[in-house]
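Please find one structure pasted underneath; my questions will follow.
By letter and in written order, the chains are A, B, C and D; residue numbering begins at 1 in each of them.
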Amino acid sequence: MYVSVIGGDVKTCKKEDCRIAEEVGKGIASMGAVLVCGGKGGVMEAACRGARSQGGTTIGILPSGSRDEGNDYLTYGIVTNLGAVRNSLVVLNGDVVVAIDGGCGTLSEIALALQYGKRILGIGTWDIEGVEQFHSVEGLLEMLKSV
Amino acid sequence: MYVSVIGGDVKTCKKEDCRIAEEVGKGIASMGAVLVCGGKGGVMEAACRGARSQGGTTIGILPSGSRDEGNDYLTYGIVTNLGAVRNSLVVLNGDVVVAIDGGCGTLSEIALALQYGKRILGIGTWDIEGVEQFHSVEGLLEMLKSV
Amino acid sequence: MYVSVIGGDVKTCKKEDCRIAEEVGKGIASMGAVLVCGGKGGVMEAACRGARSQGGTTIGILPSGSRDEGNDYLTYGIVTNLGAVRNSLVVLNGDVVVAIDGGCGTLSEIALALQYGKRILGIGTWDIEGVEQFHSVEGLLEMLKSV
Amino acid sequence: MYVSVIGGDVKTCKKEDCRIAEEVGKGIASMGAVLVCGGKGGVMEAACRGARSQGGTTIGILPSGSRDEGNDYLTYGIVTNLGAVRNSLVVLNGDVVVAIDGGCGTLSEIALALQYGKRILGIGTWDIEGVEQFHSVEGLLEMLKSV
């Protein structure tokens, strides 16, 4: 199973969001799922750090053509040179999508995931119809295991 | 000037939304601006119909590789074969974006437009921070002229 | 009918190529067809100049997100922010493709056009199986009219 | 290091090409490099089979939105829903590109790789200026190790 984690980058991500993202990343790795994300900082980096700490695999789909912009916790970086268009690839690659916090980029990913008919589990993120909202990491991971 | 009009397709667009879209299309053409949209039905078709009725030019950026899927009021159809990824091209091509009604596709376009730093004027659409909301076509067109 | 004109930019395009491109552009406009190209200099600019001199319409599909990079003879510029990926859009939008001179970018467009099953008429360009080669603009335009 | 392997799919790939691709795949894995390809059959599948037989990692960048179209020897499949546009992603992800046999799709990848300034090592493939041609797998792998 591939799980896409979307959320705020270093500009919008708060400490508590990063803590949540790290726990979510640990949970995804513990399930044996591959974590896919946009490969950059904030929520993406924290989730990758959590996954790697449990021996998990992380794939970052990067906006530019250079792997150097990826965070330090990517197992594999996929470069695209597609800018914001890479957002659609991030959600398309998840069998399910987890949204944590996030700004406009995350909102576009949520909307694209809804267009693709993906299931979206959210925590502290945009309140959009179709996003299943959770108030604890435990509840979210419980649901993720049952998908 | 290029104005992107985004909004619900035939599945979500209600009669009143179409009436609004047609008036917006007329206004855009009257300003001498080029109307850009996703090229399909609903809000897109109504806006194009309005623009063409005033002698305006309409460009539809289509998701598939076939011009046949375009609505009857396109002056030019641009095919992309990019599916939902074409949403980013629709908003990128507007100097300003007008959002009317709309479902997930429109929400992704609003979010991508915000990422690109575009100004968005909305009427009866998603209530997202950064979208300037209007309650009348007149007010919206007034603002559009001053951009 | 839409005709895509592909060929060398200012770096590779020689004077004679530009003269040919301008004649081809004139011919396309005289047929009443829309000329589509990559919107930049060299062959693209010369073809657009020819088409506009006959009152034709030219559409440039640009690699960046800024219309400013388009040449002076575009009726409409479509911005993409897709870099080299825009090459596929240039050929996809032609009912037929005309190739004049050209470097690697043109070669990628020829190859993509072949993948899309497009007919390609060439003059002084890459000698690739599937490209119909012409030795005079007259002969090429004659064939174009019969497509 | 990431090495992109491009070449004919099941329609154009001959038995000898597949044997070469499998040897190249083995060599890439033995170097500890990640093998990137278009994820489908023919040369792509043979190269992946070779890499996996040596415990290597293979990443397939697929044209559709479904992982099911990937060959049986992919460690990870990246879905794109971009059709022929995914070709540019295949070569962009290689620090170096190896071309074996191939039709129009491979030609477009060679041309795009040249545009991106990538080094291309070829064997039994398109004779395009800029492609370093080899007549034995040993010679090609020798060069690959020195990159």
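The rule is simple: a contact is a pair of C-beta atoms (placed from the backbone, for glycine too) under 8 Å apart; a residue touches a chain by one contact, two chains touch by 3 or more.
Since this is a predicted model, take the numbers as computed values, not measurements.
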Item to check | Pair joined by the larger number of C-beta contacts - A-B, B-C | outcome: A-B
Item to check | Remotest chain, chain B as reference, centres from CA atoms | outcome: D
Next on the checklist: Rounded to a whole Å, what is the gap between the Cα centroids of chain B and chain D?
Outcome noted: 41
Item to check | Gap in Å, rounded to a whole number, between the CA centres of chain C and chain B | outcome: 29
Item to check | Separation of chain A from chain B, taking each centre as the mean of its C-alpha atoms, in whole Å | outcome: 30
Checklist entry - So which stretches of chain B touch two or more other chains? => result 65, 81, 84-85, 88, 116
Checklist outcome for this item: Per the touch rule above, chain A residues touching chain C in the complex are 65, 81-85
Checklist entry - What part of chain C is in contact with chain B in the complex they form? => result 34, 57, 59, 61, 65, 76, 78-81, 88-89, 92-93, 116
Checklist entry - Tell me, which parts of chain D touch chain C in their complex? => result 84-85, 87-88, 104-105, 107-108, 110-112, 114-116, 128, 130
